[in-house]
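In this document, chain identifiers A, B, C and D correspond to the written order of the chains, with residue numbering beginning at 1 in each.
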Amino acid sequence: MPHGEMTTSRLEAFSDGVIAIIVTIMVLELRAPAQPTWSALLKIAPIFLSYGLSFLVVAIMWVNHHHLIHAVHQVTARLLWTNLNLLFWMSLTPFVTDFLGKNHREPVAVALYGFDLALCGCAFYLLRTELVRQDRDTQLAGHHASIQRKNVGSIVLYFSSVPLAYVSIYASFFIFALIPAMYFLPENKLALGDRNEQRSKE
Amino acid sequence: MPHGEMTTSRLEAFSDGVIAIIVTIMVLELRAPAQPTWSALLKIAPIFLSYGLSFLVVAIMWVNHHHLIHAVHQVTARLLWTNLNLLFWMSLTPFVTDFLGKNHREPVAVALYGFDLALCGCAFYLLRTELVRQDRDTQLAGHHASIQRKNVGSIVLYFSSVPLAYVSIYASFFIFALIPAMYFLPENKLALGDRNEQRSKE
Amino acid sequence: MPHGEMTTSRLEAFSDGVIAIIVTIMVLELRAPAQPTWSALLKIAPIFLSYGLSFLVVAIMWVNHHHLIHAVHQVTARLLWTNLNLLFWMSLTPFVTDFLGKNHREPVAVALYGFDLALCGCAFYLLRTELVRQDRDTQLAGHHASIQRKNVGSIVLYFSSVPLAYVSIYASFFIFALIPAMYFLPENKLALGDRNEQRSKE
Amino acid sequence: MPHGEMTTSRLEAFSDGVIAIIVTIMVLELRAPAQPTWSALLKIAPIFLSYGLSFLVVAIMWVNHHHLIHAVHQVTARLLWTNLNLLFWMSLTPFVTDFLGKNHREPVAVALYGFDLALCGCAFYLLRTELVRQDRDTQLAGHHASIQRKNVGSIVLYFSSVPLAYVSIYASFFIFALIPAMYFLPENKLALGDRNEQRSKE
C-alpha cells in the first residue's frame, strides 16, 4: 500500500468522524416538549422536519464526499485545507437547522439555511477543482465535469433561495426539497463511474 | 483486497461512529439533580432506567447491524440509503428516551418510544431484504429468513405497544423488556452462523 | 488476516469511539461563568478539577481497555456483552462528574462518584475473567492474575470511598487520587508484557 | 505489519476521534438567537468568529498532530501520556472559545483563551521532545529542531497575549490571528519533509 493511499484513508476517517458527529448532534436540538401530549409534539413538528431535511442533506454530502476522497491520489496541504473548509461550512448545519426549526415561517431563518448550504456547495466545488488539478487522467475528466456542472446548478439554486425567502418561503422550501431529489437519481451512475475507475486501476 | 470489501468497511465505520455517538449523547439527558440528596437522585431514577433500556436496545441494534453489514458483498447506492434510513430512525432514540424518562407514566411518551423502535425494526427489515436480494447464496437463505421472522415478530410487538400504552403502560413496558431478552439467546447461534459463513469463504 | 482478528479491531474501534465521546462530552459541563471575572472562574474550579480527574480516570481505563482487547483472540457473544456492560458504566462518568463538580462538599456526590468507578472496576474484572477463560495460554496466566489482583484492590478502595464520604470527603478524595497514581507506575511493565506476548506470536 | 505501527494507528485513531469531537461540539455553543432578525444574528457574530478562529486553530493542531504521530516508531507509555496531556488541554478549547465568544471585550476572557492555547503549545513541545528522544535518526534532527523553534515562538506569543489582554485586547487578537497565518506557509515544507522521510523508508 503506497503512502498516499494511507493518508487518504486517514483524511477520510477524520472527515467521516466529523460528519458523523454533525449528523448526530443535530438530534440534541430536538428537545422533549414540556407537556406530554400529542398536540405538544405536533408543535415541534417543524423542528423534526428541519432535522429530517438536514439529515438527508448531510447524508448526501457524506456519500458525495466519500466518492470524491476515494478518487484522491495524493493528500497535499492544499487538498487538506480545502477539505477542512468544507467541514467548517458543514459544521454550521446544526446551527442553521436549529434556527430554521424554531423559526420556519421567518424569511431570515429560511435565507440563512439556504445560504449555508450554498457555501457548502461552493466548498465542494473548490475541493473537486483541487482534485481535478491533481488528477490528469483524461478518462475521468468528463465524469468530473458533469458532477461539477450539477454542483454549480445546486449552488445557483441555493443562493437564489436566499432572496426568494423574502418573496415566498415556500419557493425556498421547494428548492430545499428539489436538490436532494436531484441527487438521488445519478447515484447509480456515480457508483458505476467509481467501479469503472476501480477496474482501470486493477 | 477487492474494492467492494473496502467500501463495506467504510460504511461500517461511519455507521459505528453514528451509533457510538447516539449511545453516548443520551447520557447528556441525565442532568445532575438540583439538590444533592439521595431522594433527589431517586426522582431521576426513571430517566436513568429509560437511559439503561435505550443503551441496551441500541447496543443490540449495533451487534445485529455489525453482523448484517459483515455479510454485505457490494455496497450499492440502494444499500447505502437503506442503511442511512436505519441510522435516521436510530438517531431519534435519544429524543424518545428523554421524552419517556421525563414522562414515564404518560401513555403518549410510552407510545412514541414504542413507535420509534417499531420504525427501527422496519428499517432493519428493509436493510436485510436488500442484502438478501444481493446475496444469491442459497446456503444462507434459511439463516436470513429465520432472522427476518424474528425481526417481524419484534416489529409487530413494538407496534402493538403503541395502542397498548393507552390500555396499560405496564403492558408496553413488558414488551420493551421482552424484546431485548428475546435477542440475547440466539446471539450464539448468530455468531455460529457467521463463523460458518466465514469458513465457507476461506 | 483471520476472521477473529478483524472483529477484534471493530470491537476496539467501536469502544474507542464511545470512550473518545465520553471523555470529550464531559467538557460540555464546563459552562462559561456569567460574569467575566477571575473570581467567577475560581468558583467553577471544583467543576474543572472534577473534569480533570475524570479525564485522567477515563484515559487510564482507555489505556487498560486497549491492552485488554489487544489480547483477545476471538470475539464471542459473551465477550461482546461484557464489553458493552463496561461501556455502560463508563458512560455514566460524565453524569457523576457533573454531580461531583457542582456538589464537591456533599457526601452524596462524592459517594456516587466512587460508586460508579467501583462498578467500572467490577465490569473490568468481568471482562478480563472472560478473556482469561478464552485464553488457555499458561504463559500469560501470571500476568493476568497480577492485573486482576490490582483491579480487585482498586474496586475495594472505590467501594470503601462510598461510606467513607460520610465520615470525611477528604478520605474519599484521597482514594480518588491514589488509584490513578497506582496505575501510572506499572504501565511500563504492562507495555513490556504486551511486547513479550507479541514476540511470542511472531 | 510490525506491532509498533499498528499501535501508532490506534493512537492516531483515538486522537483523531477526540479532536473530531472537540472541533464539532464547539458548534453547540452557537445557539440560535431568540428573535429571528438579522440584527439578532449580528449580535452573535463574536460567538461565530470565536468559533471560526478555534476551528482553524484546532484544525492546524490536527494537521500537525497527524504529521507528528506519523513519525512515531514505537508507542511507549510515556508517549501515550504526553499525547493524552495534549488532548486534555485541547479539550478545553470549546470552553475557552465559548467564554471568549460571550465576553470578547473582556480582558479576562481574551487572556484565558491565550493561556489555554499556550498550554496546548507546551503540550505539543513535550510530545515532540518525546518523539525526538525515541528517534535517533540524525537525518530528521534538523527538521524536528526547526519545528520546535517555531513551536517555542508560538508558545512565547500565546503566553505574552495573557498580560497583553490587559493593555489592549486588540494586541492579543493580533497574536491569535498571526499564529495561524504563521502555520499556513510551511505546510508545504512539512508535507515535503514527510514525503522525504517516507522515501527514505521505502
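Note that in this section a residue touches a chain if its C-beta (ideal position, glycine included) is under 8 Å from a C-beta of that chain, and two chains touch if they have at least 3 such contacts.
Being a predicted model, the structure only gives us computed values, none of them experimental.
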{"item": "Graph distance between chain B and chain D, where chains that touch are linked", "value": "2"}
{"item": "Interface residue identity across copies chain A, chain B - same or different by half", "value": "different"}
{"item": "Chain A and chain C: spacing of chain centres that average the CA atoms, whole Å", "value": "37"}
{"item": "Inter-chain centre distance, chain B versus chain C - centres from mean C-alpha coordinates, in Å", "value": "26"}
{"item": "Sequence positions of chain B contacting 2 or more other chains", "value": "13, 17, 21, 25, 28"}
{"item": "Inter-chain touch pairs (all)", "value": "A-B, A-D, B-C, C-D"}
{"item": "Chain C-facing residues of chain B, complex", "value": "12-13, 16-17, 19-21, 23-25, 27-28, 30-33, 36-38, 41, 52, 55, 59, 62-63, 66, 184, 187-188, 190-191, 195, 198"}
{"item": "Chain C to chain B touching residues, read off their complex", "value": "3, 10, 13-14, 17-18, 21-22, 25, 28, 76-77, 80-81, 84, 87-88, 91-92, 94-95, 98-99, 102-103, 106, 108-109, 112"}
